[in-house]
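Each chain carries a letter (A, B, C, D and E) given by its place in the written order, and its residues are counted from 1.
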Amino acid sequence: MELVVQDLAVARGGLCVLEGLGFALAPGAALILRGANGIGKTTLLRTLAGLQPGLRGTISAPPESIAYAAHADGLKATLTVTENLAFWAAVHGTSGVEAALAHMNLTLLRDRRAANLSAGQKRRLGLARLLVSGRPIWLLDEPTVSLDTASVALFGAVVRAHLAAGGAAVIATHIDLGLPEAQLLDLTPFRARGEVQASHGFDEAFL
Amino acid sequence: MELVVQDLAVARGGLCVLEGLGFALAPGAALILRGANGIGKTTLLRTLAGLQPGLRGTISAPPESIAYAAHADGLKATLTVTENLAFWAAVHGTSGVEAALAHMNLTLLRDRRAANLSAGQKRRLGLARLLVSGRPIWLLDEPTVSLDTASVALFGAVVRAHLAAGGAAVIATHIDLGLPEAQLLDLTPFRARGEVQASHGFDEAFL
Amino acid sequence: MIALLIRDLRLALRAGGGFGLGLAFFLLLAVLIPLGVGPEGGTLAKIAPGILWVGALLACLLSLDRIFALDFEDGSLDLLATAPIPLEGAVAVKALAHWLVTGLPLTLAAPLLGVLLHLPGQGYGWLLASLALGTPALSSIGAFGAALVVGVKRGGLLLSLLVLPLYVPTLIFGAEVVKRGAAGMDVGVPLALLAAITLGAMAALPFASALALRINLR
Amino acid sequence: MIALLIRDLRLALRAGGGFGLGLAFFLLLAVLIPLGVGPEGGTLAKIAPGILWVGALLACLLSLDRIFALDFEDGSLDLLATAPIPLEGAVAVKALAHWLVTGLPLTLAAPLLGVLLHLPGQGYGWLLASLALGTPALSSIGAFGAALVVGVKRGGLLLSLLVLPLYVPTLIFGAEVVKRGAAGMDVGVPLALLAAITLGAMAALPFASALALRINLR
Amino acid sequence: MSLWEYANPKKFSETAARVLPVVAPLAGLCLAVGLIWGFFFTPEDYKQGATVKIIFLHVPAAMMAINAWIMMLVASLVWIVRRHHVSALAARAAAPVGMVFTLIALATGAFWGQPMWGTWWEWDPRLTSFLILLLFYLGYIALWQAVEDPDTAADLTGVLCVVGSVFAVLSRYAVKFWNQGLHQDSTIMKVGEKDPLDPAYYWPLIVCLIGIVALFVALVLLRTVTEIRLRRLAVIEAREKQE
């Protein structure tokens, strides 16, 4: 149940953006990724989630343990809040839609179609999906975008409960989430300087 | 050059969300809208921008004085950063693309296609559009989403320069922008309690 | 997987989901072609099998971009790719859902349109049979094309261009079945070939589509 | 306005912009129809004017949803609506850009496809003339349809359903010009009517389209 | 009292509740009388035999199919110009009714064409323009269903109806230009001219026509009131959620 990353290099648009990354995330631990815009946080998280291959290095995580929450929320505008959540619960074979609604303060909005939610309400629903995924390792890309202060606190509490239950989380964010126990990882030192070796299916092979 | 709002009520999805709003914004002043998720900030800004009609009340602003920056940035993924900006400059009949790029720290990215920007870089480009619009009143809907701390500071400086040059701004945001001189307007007291009269083109006619 | 099927059907039936539009488009084509070509019954009867098949094909085609593009845009495809169901299965289910909301209604409505185009009497049974056999292939092949262009914004036209050549064998055999059927000839060979194409497409293409999706998500 | 025209043309010419796809689709249709209908030259020559016009119409149709939907999705339409150019003008410019990247190439390529379909020799000039006169109407009417459905996600099929009936008069007169021309008859009346429709559509529809857009942005 | 009072949903519902009990039975009565009279108590035509009796369903349905669209056009214009919700909803309510009349006209026509012209379908201009009318109805209804916000949908379909009407008329002329047809011209208005409709058919046909107009009015009123109630329900529900 550990996420171990060793000497990882990740690329976007055929260019290496981060290299030499390594960390281990034990159950109950959270890692906060910091770094300026464009440093490669989204790219790193997508690589960890298995959506794109790394350039080099290894990622070891138990199979099917990762839940990824991207910039986009994956909501269906014509389905209601409950239907949206229930679908993901069914896909992951879990229950707990009600609990997730309650945790993200969506109970009052449960029959509203997702199209009629405000930006922050949509985001809360996107985050509630994590709760019904039943997966231990959360990868969160700027989860608090558009959330107001109360919702940020709510979300902090949800993350903390997840950690207490033995989960883990990697969070890319620019603001303070109120998780003092989390490790911080500043990505600036890992910015690639273009010295990655030519590798399999990679543009630098042409250099 | 003043934006004056009197007794405004705004609706979304056929329901009144805010009512009784009134304020005046003189040149050089900034107004920060606060309020929980879903209170109606986006709705209010769209109404002020003239994209949707208000339910009641008046908005008076000089014609063609308003520049609106929404949740979406209006970027064309296949155009470069410069091309995107130059288009809006041409539409508004202004120049100053170079200056805008420099102000939002985009000069290095100028020939990158917008599709290849990170979330924060896209946002910076979206905000640079305000600078080439040449309009005095800015309506900003959560302008700092995805921006890192340095970019937020950069943006704060841009807004301050705009105000100093006699512009005005209405900003909906959940975080601190570092504009101590701005007025704060908490929208919570204006939440509609559904007592608006039946009106022109409005669902309450059915009650 | 069943949850996915139910969701896709529900989305299709909701407002703006486009159920029934394929049908309407099919009808439209059956009206437009005579308007362009002219009203003589003889000519129409001759081209009816071909036109009906081309019409079914285009109606299918126009709804293809909904298969994956909507999920891609709102980010659900990322999430589906990391979900515990195999992506191949998800693709197959989505193609099935597409067939249920497009191919099946088209098949059932086709005989009616046959009347408009003066299809000879013996042709109706074969029209039904060939469409019932052939439209699943249209959906599977279409899903593959949709997976290829999922990253392209509003790639409807590109999609048509990629998919139409792939539709050629299905179209030829399908129209041939109807033509021969209408003329009272033996239809065994084209019907068997049509069935073979459909089975092959349904069995093999989900893997190719899933691969294409993975590449596009990267 | 010129900036908008240049931007739209540039977007169409960039990767994924879809320039040339309409043409390719037109070509494909011209190939598919004989495949479905059968190869006899006599039948083909008879249906060629109609098929070419229906093909041009469908090729136009498939690219319509790019006119406004892309701008709507990424928020530029909001910004255009608040920009200092009148929305009616923007609509007209966008329809013009659509014509330049779709209708014009179609017109120029149509005689080539006429050869594929055994169009009789006298028909070529009239094919060119009728398409040159008629395709601007297709773009204006299409822009109106696109403005109506701009809020509907992936509304390609709905768009077809709304727009195709509006295309009927254009199609009839256009195909009639070619048919009569190919048969060596007088084409004056349908040609004049086609021109009237095009002028009317170009003059009046931008207002309706701008109205529809404003409603959708609300 | 101005006519526009009825644009108030409440007032309209009340009026409809009073009118419906009159119109609905009238529709039933006229249709029953007209059809029974027409089917059983008219002579068979010397050329067409018993099939001529389809006329009692065919002609009223065909006329109402067109009239329903005209009514929708008027209601749409009222909505666009004066923004009375009831007229928008009435247009919405009339569309499926009109479409069903179109389908009835097409189906009865097809059944009639089989014995008369030897085919179920002929690309006669009148028949073709009816098919096109059906497409307009389909598009109109599809647009209503695709757009979720009711006011937006009303606006968009209103614009579509106005523009569509222009093109529908154009199509009618275009189709006439395209093909000279088999279908007989309108004779029902030609009383007193040569070759009029046989009086034996005339009167039951008139009764049927009155019946079908009453049926249309009844259905549209009923559906409009239903739409009003649905809309009211949605508002109440949304407001409860908001609290």
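List of remarks:
Here is the rule we use: a contact is a pair of C-beta atoms (placed from the backbone, for glycine too) under 8 Å apart; a residue touches a chain by one contact, two chains touch by 3 or more.
For clarity, every value in this text was computed on a predicted model and none was experimentally measured.
Common neighbours of subunit D and subunit E under the contact rule above are B, C. This structure's chain pair with the greatest number of C-beta contacts is C-D.
Each chain gets a centre from the mean of its Cα atoms; for subunit A and subunit E, those two points are 56 Å apart.
Subunit A and subunit C, compared by their mean Cα positions, are separated by 37 Å.
Centre-to-centre, using mean CA coordinates, subunit A is 45 Å away from subunit D.
Annotation for subunit E: residues 132, 135, 138-139, 142, 146-148, 175, 178 touch two or more other chains.
Multi-chain contact residues, meaning those touching two or more other chains, occur in subunit B at positions 13, 71, 77. Looking at subunit D, one finds that residues 16, 73, 152-153, 155, 158, 161, 164-165, 168, 172, 218 touch two or more other chains. Every residue of subunit E that touches subunit D in the complex is listed here, in rising order: 132, 135-136, 138-139, 142-143, 146-147, 152, 155-156, 159-160, 162-164, 167-168, 170-171, 173-175, 177-178.
Partner subunit A is touched in their complex by these residues of subunit C: 2-4, 7, 10-11, 14-17, 71, 73-76, 78-85, 217-218. Across the complex, subunit A meets subunit C through its residues 49-53, 64, 66-68, 70-79, 83, 87-88, 90-93, 129. Partner subunit E is touched in their complex by these residues of subunit B: 13-15, 17, 192, 194, 200-201, 203-207. Interface residues of subunit D facing subunit C in the complex, by the touch rule stated above, are 16, 18, 21-22, 24-25, 28, 32-33, 35-38, 43, 46-47, 49-51, 53-54, 57-59, 62-63, 65-66, 69-70, 73, 152-158, 160-161, 164-165, 167-168, 171-172, 175, 179.
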